[in-house]
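Across the two complexes that follow, chain A remains constant while its partner is chain B and subsequently chain C.
For the complex of A and B:
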């Protein structure tokens, strides 16, 4: 079973912030794609980061972007 | 209707992905055939990888698929015997192309010191209703 603690989604948040040092924080409901935290090139790394943090293997053929748009959605789906 | 897609990839981003090693994303973004074409004896051909990734993104853009992520393994950018880049689609990209009436896609790739750019073009047999509206709207503007 994946962990339900917020510390794991914090690992995803920290990965995003490390890629964007101009930002200090990310709101739970901020659209990560619209805000360009993630683009198509970094999406694969993004998925790998979520997999590593959550322990959940993500089926890349069945990705629903809505599950990845915000940290809240990621926590709800994968943690 | 002609469909086009274009994409620009910084070589530095490919370098960062290559630095991640075998557990990094490149092996998920390139098929085994593409990876074979993208390696020197000493390691990744970074400009070649950047160009190939740009071409995949350009092809994905011309397919006009909403709310889906790029299916890296189903859009392959290979080489003809003449060394020109060529595109091979598998599921799901092949279905998306068929739904758009696209029978063939051509790509062109260029790279310079820090960037690679690619353009993809294909002929779509029929536009969607929404795209027809936008095209007509643009044509009647004065």
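For the complex of A and C:
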């Protein structure tokens, strides 16, 4: 259902915003890595957050960074 | 330059020579070193209970003895799997530096280091595949780039050192734990013996690399290093809390359990125990100013 999917990706957005209190919002197409929302030391938590919110198990050996760069890419791939 | 600092440091070179000699004297054939029984008894601790992530928490109080044994088995496989992936990074980074400018003098030691780590990776993977029938794969670190190339070697070797120190806390505890099977104790004991040389080397090299870095870094950059090192200590500690492990151990709501455990006061205490020695080192060298590691969001979770 569309309403559920958007609330699910919201969990990912909220997690990112909680880690970056200096920011109030994130555009769906903002590059999360370039904007330093996520780096190598927070990537694991980031993936776990997406897994929990989407219920999709993410294969550690098949990570394509393009699927994680923006909220809209995440929504498309995992929700 | 780091090469110059090393070549002027007689003490460092003496330590290196002693460690090189010890590596040669203690050399063993890992492929003949261990007894690998067909299977290990399931109804026992596979990891010292005080090293399991639920120890002393109300999550553990909800599990029966059989579930606790099963969790210790899955957590031990996760721990050895972390070693396999940690060693991968370590071998790659040391291989990049061996026989290159600046690392002429420690290159002899790097040969022992790379060789020994290859063997460690073999016996840890062997253990996981034989007795756990799987390896838990870690995420490849992604998306940092080289924001500060001058600090690259320092950051690589401080990560290697802190990873080896974390592992060694587990190895030395499990090697001495009579509740554990002989094969488990032997794997931990042998690794602990080799790692005592690697850690001794790592502390010396990291001290020198930091001295080198400090002479050209701004206050601001030193603060960034401090923050990075603390975040790394949290990152590596949190990798012990794996939702896949809780799921495989039959614990419901693995993500919520992980959050609950990380937010518990016990995990802050456990982290301080795991990193007691390296925190002493980091403070003595001035890399860190304090031992305060608990990130705000972990407590708030």
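Throughout what follows, the second predicted complex is superposed on the first by the 75 of 79 C-alpha atoms of A that agree within 3 Å, B and C clash if a C-alpha of one lies under 4 Å from a C-alpha of the other, contacts with A are read in each partner's own complex, and residues count from 1 in each chain.
Here is the rule we use: a residue touches a chain if its C-beta (ideal position, glycine included) is under 8 Å from a C-beta of that chain, and two chains touch if they have at least 3 such contacts.
None of these values were measured; they are calculated from a predicted model.
In the superposition on chain A, A:10 makes contact with neither chain B nor chain C. By the touch criterion stated above, A:31 is placed in contact with neither chain B nor chain C.
Contacts of A:40 after superposition on the shared chain: both chain B and chain C are touched.
In the superposition on chain A, contact is made by A:18 with chain C only, not with chain B. Counted by residues of chain A touched, the larger count belongs to C, out of chain B and chain C. After overlaying the two complexes on the shared chain, residue contacts for A:51 are found with chain C alone; chain B is out of touch.
On chain A, the patch touched by chain B and the patch touched by chain C overlap at residues 40-45, 48, 60-61, 63, 65.
Chain contact summary for the complex, chain A toward chain C: residues 18-19, 33, 38-45, 47-48, 51-52, 60-61, 63, 65. The touching residues of chain B, when paired with chain A in their complex, are 9, 13, 17, 20, 24-25, 28-29, 53, 57, 60, 67-72, 92. Those residues of chain A whose C-beta lies close enough to touch chain B in the complex are 40-45, 48, 60-61, 63, 65.
Within the complex formed with chain A, the residues of chain C that make contact are 137-144, 228, 231-232, 234-235, 238-239, 243, 255, 258, 297.
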